[in-house]
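Look at the two complexes coming up: subunit A is in both, with subunit B in one and subunit C in the other.
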Partner chain A sequence: MGISYSRQKKLIVFGFLAIPVSLLIVFMFFPTLKLFQFSVTNWDGYSASFKYVGLENFRQLILKSNDVWIALRNNSYYFFIHLLAIPFEIAVASILCGKIRSSKFFQSITFLPYVINGVAVALTFSYFYSPNGGALNSILDFLHLSVLKMGWLSNIYIVNFVLVSVSLWRFCGLHVVLFIAAILSIPNEYYEAASIDGANSLRQFTNITIPGIKTVLELVLFLNVRGALSVFDIPFLMTNGGPGYETSTFMVYTIKTAFQFNQYGLASAMAVILMILIIIFGYVQSKAIKIKG
Partner chain B sequence: MSNLVTSTPPKTKSRPTGSFQYLVMGLITVIVFVPLLIIVLASLKTLPEISQMTPLALPHGFYLGNFTETFVKAKIILSLLNSLTIALSSVIINALMGAMAAFIIARFDFKFKKFILGMFLVAMVIPFYTVEIARFQLIKSMGLYNTLYAPILIYIGADMMQIFLYKQYIDKVSVSLDESAMLDGASYLKIFTKIIFPLITPAVATLAIIKFVDITNDMYIPYLYIPSDKYRTLTTTLMTFAGDRSVNWASISACIIWILIPTLLVYFSFQKYILKGITAGSIKE
Partner chain C sequence: MKGQKFLKMFRVFLVVTLAVYCMSVAFAADKVTLSVGLLAEDLDFFQGHINDASFKKMLPNVTIDFQQSKDTEEMSRIERVRMAANEIPDVFYVKPYDILPLKDSMALWAPTEKLVKENKFVNTFAVNSNGGKYYGLPMKTFYEWVYYRKSVFKELNLTVPTTWDQFIAVAKKIKANGKYIPIALGAKDTWPTYPFNEFMPHLISGDPNILADIAKQENPFGPDGGFYKSYSMIDTLYKAGVFGDSLGTSWPEQEQLMAAKKAAMTCVGQYFLPDYKKMGGDMNDIAVFPLPVGSAAKPIKKQMAMLDLFWAVGKNSKHPVEAKKFIEWFFSPSIYQAYLTDRYMSSTIKGIDATNIFSEGLKKYNYQPFLYVPGDENYTKLVNETKFDAKTIGSQMLAGMSYKDLLADFNQKWADARKKLGIK
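Let's look at the complex of A and B:
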């Protein structure tokens, strides 16, 4: 080729980056800026004009609206219960890295729910928990535990836990697979040296396995913050946020505010708050791990 | 690295592999399969059977009527074609563009490099879902609402996470390969297409499969941007079908199974790569 390398370099740098960078600007950064703009307006989403209302939307959300706090409370169920599941996920991962037979088979079973369509998962569990002839109530009948039967998706004291159980079913496998990879990446010599020194399995686990999977642990914790704060399809499809606002998460509430109640400005303010929360929580959590570690 | 992982002997030193471990794994297997089995049972039941029997009871016969009925009613073929069009075009374009951008970032120094890298990093931190409110207006004003371009452009443009993974792989390819090709007078374009891209193809393929599964399973984007009947995807067709109050659990279950078949086929045929790909992103050497 006749073109000099310095000229080629200019061409290829521009040619290979132009499209992805412009797509990123158009579909990611521009809407993000627009979101901040909408969040200080009273726009309804379709009128030609809107008024700037300053921080009124934020004031209303934080001080006046009870539903936002209910939504955040509902998100916190997902956050804390998934957090509590993490030790179990690590335990399952270490079982699967151990001497168990057919570990490949169990690994693919564990991961299976993650590849199942979210709508299919929601419907499957709507049937499972259905009050009229649902599977769980029949199982309880079968076990002579009929006293425990209830409207799993309408009882406001348990419905959030029921929805979180679906989320656990769907996402724990992903975490387990991540932990498996982390455990396998620890050099085997560490364990050999430790057993020569007479360290028992528990000590090996706390002194070698846990430090060895720190990076992945951080990743899973961040995924948990982001996932828990943006839960959408499970409550949206299974209860539509109801009864009342009892199971409506922040995302369900935001989408409804925008597209059903046509309060675009308000919904944008909610999205901005969500974005800030995810960044703050993610940051605080990673700092907290650094201090501990 | 892959060979290393598979050949590594078992790690944890729990000597006699206790029955406790099998108990735990058995329990997990039951938890994973019971809800799915109940759906399979329901899908094989006739209308009187589904309304009278408990969900755990076995159907009397092997009734396939729900499957034939929902196949037509839920427009499975149309939805499958739409899902495939969206997923394949976004995955292929996204993988190519990601690999090209990663090549530039890994191999060249140029003005604004830090700035562009920073842009990709910030885009990873901005939660995908929250921008939707504003992106929706943008798509509408571009005239892309209710066209297949809307989901495709969003999947391509808003998700560039894989650039950093590809960069990790390209960094592992020795620069001396590039240099010797340059001595032979190869252009940069040729170095990318003949040396770099073939070497990172396994990584690209793995991520592409995962992305394919994620996109076919996504409900949010098609639900918001392509509500039109002719653009139903596997996900939205199931939503529409189940939303119809006149349908019963037997036919919903059959519809669930129809739309699970494509992703499950992909999962079981490429399982090894999917599991490897999921983990590749999380582990630094």
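Let's look at the complex of A and C:
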């Protein structure tokens, strides 16, 4: 009489998982399979048919496309500068976890830039750096530092650093908050025991705090790799990847390849390469980080 | 007893719900929602006029869902994505260079249709034709101009230049004065360099079909070609430093600099004037002259003209009749005349003309119109394969890169692409 208990259990599990798994298949697995399929074709994005071209797209990107290497060079600016900012972020997180006045308030405002919409951030900073009455040049005039005024978004030698500074402003807060959560999870007894044993603040920081936040550090490093390789909104909205391709990142170049030059096959190959790069960099990074404590 | 009462109430509820549903379906069947893709600059005009009596008379049961794009680059991108997803709007317009890539999404207009017969330019471009039928109906024509502030010219005792060297000299004089940016240019957005890097090769070469012709050439960007010659001239202008910090300036800032009288000149099409007016620019202080690309020894009295924005009906539109009626409503004398006046454009329809500072400028300077003809299918394939973009080259030149190196690189890519695609 009725359904057996094990059958009920299976029905409930299936019922709850059916929708999310279907969505995962439709919006993630199927598009990824199609991506791999298109990456070996010459599809232009609107024709009814296409030809399979094997690895020709990959060969063209790696061996014949100078602009792709310029884009990867621009991505490397984001990667290395964000990497160098990580110790600073850990230090700030450590300070904010300490006994300072209004630490909760400072923790909140640190996270605020990440909450603001990326498009709004990019457009706001476009006007901040504008040569025509932009805030930065106006501030320099006010401080009698007009000699430091320059074309922040037009000088090809500094524009990438200017864009990376916007990225730092936006994402450092997220990393600091993650590190704060990790530091707060370290049991206080470790610090007490270390104090008793005579360890100073620096020794405690290097031998307790850093190993204690290892998991979050690995996460932040992975987010750094993924973010640096897939950065799009800041260069696209602030400089349109220009002048020329000087600030064009891999994603910006991929979008232009697909939608401006109707080369969906080539753009799909670029997306596949991006995926592979993130996996390789993430793996190498995880092997390189060996923290004991 | 209670159960029977409940059952009776439930039956009544079911009947009423079914009746309401059937009525709503019946009413909804008459209601049509047309999706119309357009540029943001046109949105105000259309939103202001779809409540007119003329619209309600022609399309009584139609509501419009406007889908706007902020500029032509975004519109081009969105239309391609929509076409790939089979979601092209019922009604939309395309730039001339997008007719070929988007032709499979556009329903064909028969030559016997009223709107086709009334249009002066429907068969001007070969790419718009397909076996005697047409992909789109050109919406407007406009010319490319140099706008200048009359008061600045008067203040600095300048006269309107008639040769390229005079144009550079005037810009340099304004720069030497130090009060104004000589020529406002929003090169940060890349596309505003088009009057120079995209159009001047057409004017200098004198070849109306330059784009289709270079597809047949091995060395189209060599020293003998229109691109090289015009870029050599443009390089002189760019190196004169008369654009302020153009690579840090966006298109909206380019417009604002002119409206706020911080720049003396700007080079752009007729579509700029409505924005200038909206931004509070002094309409009594603005005048125009054609971009002078000739020399004293070899005058070139030709002015770039665009046949722009071809109205199309989506091939898979569920409401093709209403879609065509919408376009017919737009081209009706009262609406179209209002559009031309509002947007400062020139007409494509027989019997309808506009009077504005541009029609006066055409009479005053008497330059010959030089219509921009988009490239053919081979040209489009080569551009996609080589990623040739004249406007991007413009921003690279402004950044200090050598046009000779850039064109030499494209020559090589062009030759390789022709070989790969089998284009002869």
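Things to note:
Here is the rule we use: the second predicted complex is superposed on the first by the 287 of 293 C-alpha atoms of A that agree within 3 Å, B and C clash if a C-alpha of one lies under 4 Å from a C-alpha of the other, contacts with A are read in each partner's own complex, and residues count from 1 in each chain.
Keep this in mind: a contact is a pair of C-beta atoms (placed from the backbone, for glycine too) under 8 Å apart; a residue touches a chain by one contact, two chains touch by 3 or more.
Source: prediction; values computed, not measured.
Of the two partner chains, neither subunit B nor subunit C is touched by A:Gln285. Comparing subunit C and subunit B on the residues of subunit A they touch gives the larger count to B. In the superposed model, A:Leu112 makes contact with subunit B only, not with subunit C. By the touch criterion defined above, A:Leu174 reaches subunit B but does not reach subunit C. Touch criterion met: A:Val26 reaches subunit B, while subunit C stays clear of it.
After overlaying the two complexes on the shared chain, residue contacts for A:Ser76 are found with neither subunit B nor subunit C. In the superposition on chain A, A:Thr239 contacts subunit C only, with no contact to subunit B. In the three-chain superposition model, subunit A touches both subunit B and subunit C at residues 45, 130, 259, 264. Contact residues on subunit A toward subunit C in their complex (touch as defined above): 44-48, 67, 126, 129-132, 151-154, 156, 239-240, 242-246, 256-257, 259-264.
Considering their complex, residues 73, 76-77, 80-81, 83-84, 101-102, 104-105, 187-190, 244-250, 253, 256-257, 262, 383-385, 387, 389, 392-393, 395-396, 398-401 of subunit C touch subunit A. Those residues of subunit B that touch subunit A in the complex are listed here as 5, 8-14, 17, 21-22, 24-25, 28-29, 31-36, 38-39, 42, 51, 54-56, 97-98, 100-101, 103-104, 108, 110, 116, 119-120, 123, 125-127, 129-138, 153-154, 156-158, 160, 163, 182, 185-190, 192, 213, 216-220, 224, 234-235, 238-239, 242, 249, 252-253, 256, 259-260, 263-264, 266-267, 271, 274-275, 278-279, 282-284. Against subunit B, the residues of subunit A that register as touching in their complex are 1, 3, 5, 8-9, 12-13, 16-17, 19-21, 23-32, 34-35, 38, 45, 91-92, 94-101, 106-113, 115-120, 123-125, 127-128, 130, 133-135, 138-139, 141-142, 169, 173-174, 177-178, 180-186, 188, 191, 195, 201, 204-205, 209, 215-216, 219, 226, 229-230, 232-233, 237, 251, 254-255, 258-259, 264, 267-268, 271-272, 274-275, 278-279, 282.
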